[in-house]
Every structure is written in structure tokens, then in C-alpha cells.
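Same chain, two partners: chain A is paired with chain B first, then with chain C.
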Partner chain A sequence: MSASIAAAVTPRPSGLPGRIAWHWRHDPKAELWIIWYAMVFFYILFGIVFVLLTHVIPPPQPYWDPPRVVQWFNDHHYGLLSGFGIIFLVTGLVAACNALIGYSIWRMSVSPAFAYSYIAIYSLSATPGLLLTAIALTVGAMRPERNPDLIYWLYDMAIMCFDGTMGVFLIGTLVWMIAILIDKNNVFPKWFGYLNICNLITEFVVAPAWVFKSGVFSWNGTIAFWIDTVVFAIFTVAFITLLKRVIVRDDFGTGPLPDGDARTAIHPEA
Partner chain B sequence: MRRVDGELLLFWLVPFLGITWVCAFLVFPGFVHPMSPTLSADQVAAFYRDPANLPRIRYSMVVFNWFGIGLIPFLSLIVMQIGRMAHPTPILQFCYLGCLTGGPTLFTIADLFWLLAAFRPERPAELTQLFNDIAWVTFIGQVGFLIAQCAFLALAIYLDRQARPVFPRWVAHFNLLVAAALAPASFVGLALSGPLAWDGLLSFWVRNAAIALWIVTMTWVMGRNIYARHGAETVVP
Partner chain C sequence: MRPMSNAAMNAPGSAEANSSLGNAGLRIPGQPDMWAFVMFEALIFSSYFIVYMIRRAMAGDHFLPAQEHLSQGFGVANTLILLLSSWFMAGSVRSAREGKYDIALRQVLLTAACGLLFVGLKLLEWSDKIGEGLTLSTNEFFSFYYFLTAIHVLHVLFGFVVLAVAARELRSPPRRSQEIVETCATYWHMIDFLWVIIFALLYVMR
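This part shows the complex of A and B:
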């Protein structure tokens, strides 16, 4: 309450540092914006680490023999160790992403059970889907002299945990999709609910990667990897953009979200 | 009449847990003088095969398996405190809630690999070394959820703008300091010797001391809060 009154009487200064300080002091949505920026920061860092530093995206070949795999580890030794060091450092930001999506569901007309199950499922997801990969590749890279057969096993464990962890994303996306489609508060547009279906289907499409070691269904194949990754990228950009709109429109009420900027709704004096 | 909500019971689990953790830490032969990552596979296997070490490894890790998870109820009490702060949305509660099983889950994975290494020490030395490496990297390097937990709590305290804030501001500063102390351990894989190695000054001693200091300090702060609240509630019939 004090924040909204202050917002009405304290003019917003110009200049980026001044504006940031103003939002920190007076914007009741500061907590939402901080978490949104944390989410954007996490996804950018995730892309840099997995594509540029560790070369796990696009993935190396599933049909390589142990000596070739050892060579891959040696080629990317410091990239793997420093890249996953960064991932270990910022893993907790996953909780920020989950919390913001959880909050968007909590703001809908559906039962809070949807929000709680989304947060619970996605809190679990980072361990098999991200950290076991990072741990296995770190352990593989830290001792290049290890028996190549053991490095080979770490390689399979890492890439298959990353690509082959499906259920948490399947059920998590399903929960979010149902919530969006039955929501009466217009938190998300319905087309985004249907886009969730595409993301959900990718979790079925990737399953053959557990069987095939080459071809379109293998872990780096056109279907199991490339189509899934493109869908995931579109889906991620869509929800980051839509969550920004949700924050702008949020009036901290319990009814439908206004279509426009809710700032005037919160601070009619401003 | 005093309302029984059970929070005090959850709170008093912490000193009990603290005793089990300290005992198990002292009993595990790889902690008091932390095992060096530069040991060869044969030396690691010899560590597990040593009749003086083996029972201590097993018993300490069984105790950690029982009680390593035990801090979650205490962390849930912190979620309750964040809920009492003056925030317009529950998002910081959701953030904290999303973090609190992360640390214990990863610690359990480390614990399982130590126990597996000790289960059949006659296994080929290179496999024992692999299990030992996975356990140590998972134990030392997985600080991300703990760092985020500290940062989210600090953020929640800074944004708790009311006449009587739930926590004093120094608790936020303290949590940021602990987060900074934990950060270097993330890069445990980069070095087998020196301060970043898993037995090094930053990765082992600073990291673990920061966690111990956090538990002691937050237990004291939370104890004051919970008792103050329960005291206030008993005054009003």
C-alpha cells in the first residue's frame, strides 16, 4: 500500500540508473520484473554455455566410438569445465522461471493446485534434465586419462539425461496447457495454450532417441533433436514475451487481467 | 489458549539435525582431512578398502542419508516467513519453495555415490574412483540452489517495506554474503589442486563454513521470530 501511494507522489526520474532506483523503491511490480529479468538472463546464459562453451547443442554424434568421444572431451576440456561451472552457479535461477510461470497460473481463474503442481514438477526437472548432464560431463572432462570406456558411459549418461528426460516437461507443460485453456482471466491468449501442445508432443517425439544411435530419431537427428529444439525455441521466446505482457497487465486483482497497461489501474492518481 | 500449529516442533528439529550432521561429518574419514582429487584410482580404492575407513564411510553416509534431507521443514518455515512479508504477490515464496528441495536432492545423490563406492570396495579401482568423483563433484559443486535461496530471501527482505519488517535488514546482507562465499565452489571441476579443488580453501572450507554459519545464524533469527509471534498470539485470547 505504501508503495502505491509513494508511486503516486514521487515523479519518475529520467536516465537508466535513476529509473531503476525509482522502480526498486516505488514500483509494486519490482519483484515481478526482477524475476522476469532473472529468467531472461538465465536463458541467455543457458544458450551461451550449451552452444558456445560446452558444444552440447548441437549435440555430438551418438555413433562415435570411445576414442572419438575422448577426443571430443579433450577438444572442449576448458569449455566444458568452465561452462558447467557457470551452470552450477546459476542453477537456482530455474526456480525464478518456475515461480514466474507458477505465478501466472496462480493468477488464473483455475485452482491454485495447477500452480503448485507446475512449480513442484519443474523444481524437480533441473536435476535430471540439466544438472546430471553437467555433473557427468564435468566428471568426464576433469580426468582426461580415465579409462575411455568409463568416459564413454559418462558421455551417454550426460547427453541422454539432457535429451531423454521427458516426463517432467511433458506433464509440466500439460498442466500449464490445461490451465491456460480453461482460464477465464485471459492471462494468456488461447493460441499459446495450443502452442503448449506442440511443446508437449516433442517429449513423445524424442523418445526413440533411447533406441536409435543414428538417423533422424537419434539424439542429434532431424526429428528427435532439430525439430524439437526449434519448437522449444519458439515456445520459449513466446512465453518470455507473453509473461512480460502478463506483468504489464497485472492489476494484482483476482478477476480478468485488463488488456492494457495496469499501472493506471493500480495508481489512478499517477 | 495457545494455538498449536506445530511450527515450534519443526524448528526444534534443527538443533537435533545439527548434532547428527556434525557427528557424521567428523566420522566420515574423507572430510576431516578432505580427500585430495589428485589421488590415483588405486589410492582411492585403497581408501575405501581400508578396514579402518570402511565402516566409518558407511555409517556416516547412512546417517547423512537419513538426516541430510532434514533441513527442508526448516526451509519451509522460512517460506512461511516470506509469506508474512509485505509483498503484493506470492512470487518470492514460489521462488524459495522451488529451491528448497534442490540442495537436499543433490546432496542425496552425492551420498548415494559414496555409499555405492563403499558397497563393493573390491570393484575395479577405476570404478570406485568414478563413483568417488561423481560424489565429490555433486557434493561440492552443487551450490546453485543454495545461492539462489540466499539471494531470494535477501530480495524478499529488502522488499518487505512495512513498519515492523519480518526480518531485520542485516539478515538480507548476511544471506548475500553467504551466497558470495558459496559461489567459487561452482567451479570445482576446473582444478585438481589449489583453492578451487574439491579439498581446497574456497571449495571445501569456505563453502562448508558458510553453510554451517548460515544454519546457526538463521536458526537463531528464526527462533526469535517464531517465539515472538507465538508470544504475541498468546497475549490476545
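This part shows the complex of A and C:
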């Protein structure tokens, strides 16, 4: 709290470098902001790599035959290698996302067991949902002369790891939802707790992708992929924005979070 | 946004409870947060319905013969059961407002019983169809049939948790939050509302 007071009385300089230096020296929330920006950086990079570089979002067709799949790997050879090279470098940033969400749960009135469960589940989920996809597609792109049947196998494995294993996030979402709904510290608004149900349902909606090779329920189908992705994107933007609000409101106490900026709430003259 | 646990804990006869009763017609029943969720769910389901309608229009006559395999009896029974459950839930909200908590609790339990009956009938209907060889991958109509009804049943299963929350509020005199009971009722009515559209699309529309 004394750091907050110091931050409140030291004038903030204008200009970006000055403001960054001020926050680095005086802002008791500097560490939380570093983690938040790391999370935003990760999601932006994730979007650029998966959409623009590797073309895994939207996923290619599930009904292609081996020659067409080999052609897809050839068409995106450098994109796959460079894109997933970046992913291998920054995958560790998943820890920043999990840590910040874990911190927000820890700040609630619920047992810390919720935060530990969430962090453990989502740390494990990154393996099938991100790393296995990246490894399989990189292996496929690495040797274009490889047996087409093997490339075909890698293709199915990669896309199903990415798209078909969303269920592994189910329990994590459930843990977060319960924590938000029973929390008395008002860390997140209740509507976001309910929005977790929508995200949770998407984990079921993707399940038919294991059965269908074409149509709206296939891995790139309108329902199993596009609608799910829109819901997930809305959910992601919501939680990133709300985590920012949590940092702003955080007073490093243990009771209910103030509605406004914690610093000005403590020192209205600042 | 008031947290669930901090919601107006309206003890019967308290000023807050009376004020809540007096202003019942002027405020949104339950938490606005739940209404935001209902709107979002309605949007998601609407997108499923639009996709179904587009695929149905594109499939020409292929959907109609498949649709003939559905039992209107199951569909009508499911609809009536859910409408009855919603009626019990609405009654529970009214009883709670009047301070008749025992009756309100009984009505929540009757709502849950209707929900159980609905799920039981749905399982029976699914097993009937699977027995006839009509599965998720038989044709596109049955893909939609299993998908829409299964996603709806998932919401009903969540609904049992919601009803348990309402029952917990009504059982314990120190809790008894009218706002939470109304919030739970809002969720349950959403389930009913979604089913009526699913029933119309899958069973009735030709």
C-alpha cells in the first residue's frame, strides 16, 4: 500500500518513454502490467501466425486426399516453418496468461485451490492444443519428399489436435466459471461468469468434428469451427479487457475490489 | 453488477423485500447479467437455426423424408412438459414474492421433476432412433437433430444446477434472495424458449 501512496504523490511525466520509466520505478502494479502486455502480445502473435503465416485458421479442408494435402504443405512450406518457429519461441507466454488468470482467481473470495486447478489444467491443455499441432505441421513441412501417406497422417493429427481437443479446456472453464459466480469480492462481473457457459458449450460443439469430413460439423465447418471461433474470440476479448480492469481496480487487499481505479479511490487528490 | 451472494437478501417483511415487491413491475426480474447471457445464448442459437435453415433450403427435398422419421408425439410431449415446468417456475417466483417459501420450493422441485422427465423422454427418443439405425451421420437432417437436441439437453443439465441454487435460496431463511430466484427462473425460461424454436424447426416445419 505504501508503494501505492508513493505512486500517487510522484507526478507522472508526459511522453511514452517517461511514462514507462515512471511506471517501472513507482507503479506497484508494474509486474501485473508486464504480464498483461505479455498476454496481449501472445494472443496477437498467435493470430498472426495461425491466420497469416501458417494458414491453419481457418483450417484447410478435411476431405482432401493425400496429393492435395502434400500440395498444401508445399504451398505453405516457409510459412509453416517460420510461423511455428515463432510459436516454439513464445509458447512459454501461455504461462503469463495462466498466471494472470490464476492471480485474478486468487484475488477472489474463493479457495486458492480454484486458481491452482485452473493453472494446472490450462498448462496441460497447451500441449495438445498448441504444441502438438505446431510440431506435427512443422514435421510435415520439414521434408516435402516424405511419403504422402505419412504427410496425410500428420495433417489429420495436427488439425485434430488443434481443433478436436478443445474439450480439454472444458474443466478449466468450469473452474473459472464457478469461482466467478461464487466470488464475493466482485473481481469479475457475473455476466462474464455466465459467458463462461457459452465458452464451455463450444467445447461440446466441436465434438462432431471427429465424425464428419465435410459439412457444417466438420473441423472447418460453419458450426463446429466458425461459430465456435466467434464465441471464443468474443470470450477472449472480454477476459483480456476484464483482466485489465482487474489490474486497474486491484488495491492489493483481500476484500471486495473497488469499482474504480484503486489508486484514485485511496487518494482522490492524485 | 451485484454479485449473486451480495444480491438483495430480502428477508420476508423486510423493507428491502417490500420495496422489491412494490417495484416488481418497474425493474428487470433477476440479475441483468443473466439477461445479458440469455441474449448472447439467443444469438448463438439463432446462428445455429440460420445455418439449419440455409442447409435445409439448399438440400431441396432431402430433409423432408428424414423428418418423417421423427415422432410428433415425443416432440409435443417434450414441449408440453417444458411449458409445464416453466409454469411451475413462474409460480415459484410469484410464491417467493408473496413470502410463501414452502410452496415456492415445492414448485421448484416440480420444475426439476419436469426437467428430468424431459431428459428421460429425450433419451428414450434418441435410443428409439438409434435402434432404427438413424444416427448422427445417417443424413444431414439427423446430424442437426442430434446436435440441436443434445446442445439443448446440455442446457437443461445446467438448468438442474440452477434449480438447485434456487432451492437452496428458498430452503434457508437467512438467504431467500428474490433476485437469485428470479435469475434462476430467467435461465429456465430460456431453456423453454429455445426448445419451442427447436421443436418448430425440427418437428413441425415442413
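Observations
One rule holds for everything that comes next: the second predicted complex is superposed on the first by the 254 of 270 C-alpha atoms of A that agree within 3 Å, B and C clash if a C-alpha of one lies under 4 Å from a C-alpha of the other, contacts with A are read in each partner's own complex, and residues count from 1 in each chain.
Convention: contacts are C-beta pairs under 8 Å (C-beta built on N, C-alpha and C of every residue); 3 or more make two chains touch, one makes a residue touch a chain.
Keep in mind the model is a prediction, meaning the values are calculated, not measured.
If you put the two complexes together on chain A, you find that chain B and chain C both fit without a clash. More residues of chain A lie in touch with B than with the remaining chain of the pair chain B and chain C. Touch criterion met: A:G215 reaches chain C, while chain B stays clear of it.
Applying the stated contact rule after C-alpha superposition, one finds that A:W22 touches neither chain B nor chain C. When the two structures are aligned on the shared chain, A:F239 is found in touch with neither chain B nor chain C. Once the two complexes are overlaid on the shared chain, A:I201 sits against chain C while remaining clear of chain B.
Judged by the touch definition given at the top, the superposed model places A:V139 against chain B, while chain C stays out of reach. By the touch criterion stated above, A:Y155 is placed in contact with neither chain B nor chain C.
Remark: least CA distance from chain B to chain C after fitting both complexes onto chain A is 24 Å. Per the touch definition, chain C reaches chain A in the complex via residues 1-6, 31-34, 36-37, 40-41, 44, 47-48, 51, 55, 136-137, 140, 143, 147, 150-151, 154-155, 158.
Only residues 2-3, 28-32, 34-35, 78, 80-82, 84-96, 98-100, 102-103, 106, 115, 119, 122-124, 126-127, 131, 135-136, 138-139, 141-143, 146-147, 150, 154, 252 of chain A touch chain B when the two sit together in their complex. Considering their complex, residues 37, 87-92, 94-99, 101-102, 105-106, 109, 126-127, 129-130, 133-134, 137-138, 141-149, 151-152, 155, 159, 161-162, 183, 186-190, 192 of chain B touch chain A. For chain A in complex with chain C, the touching residues are 181-184, 186, 189-191, 193-195, 197-198, 201, 204-205, 208, 211-212, 215-217, 222-223, 227, 231.
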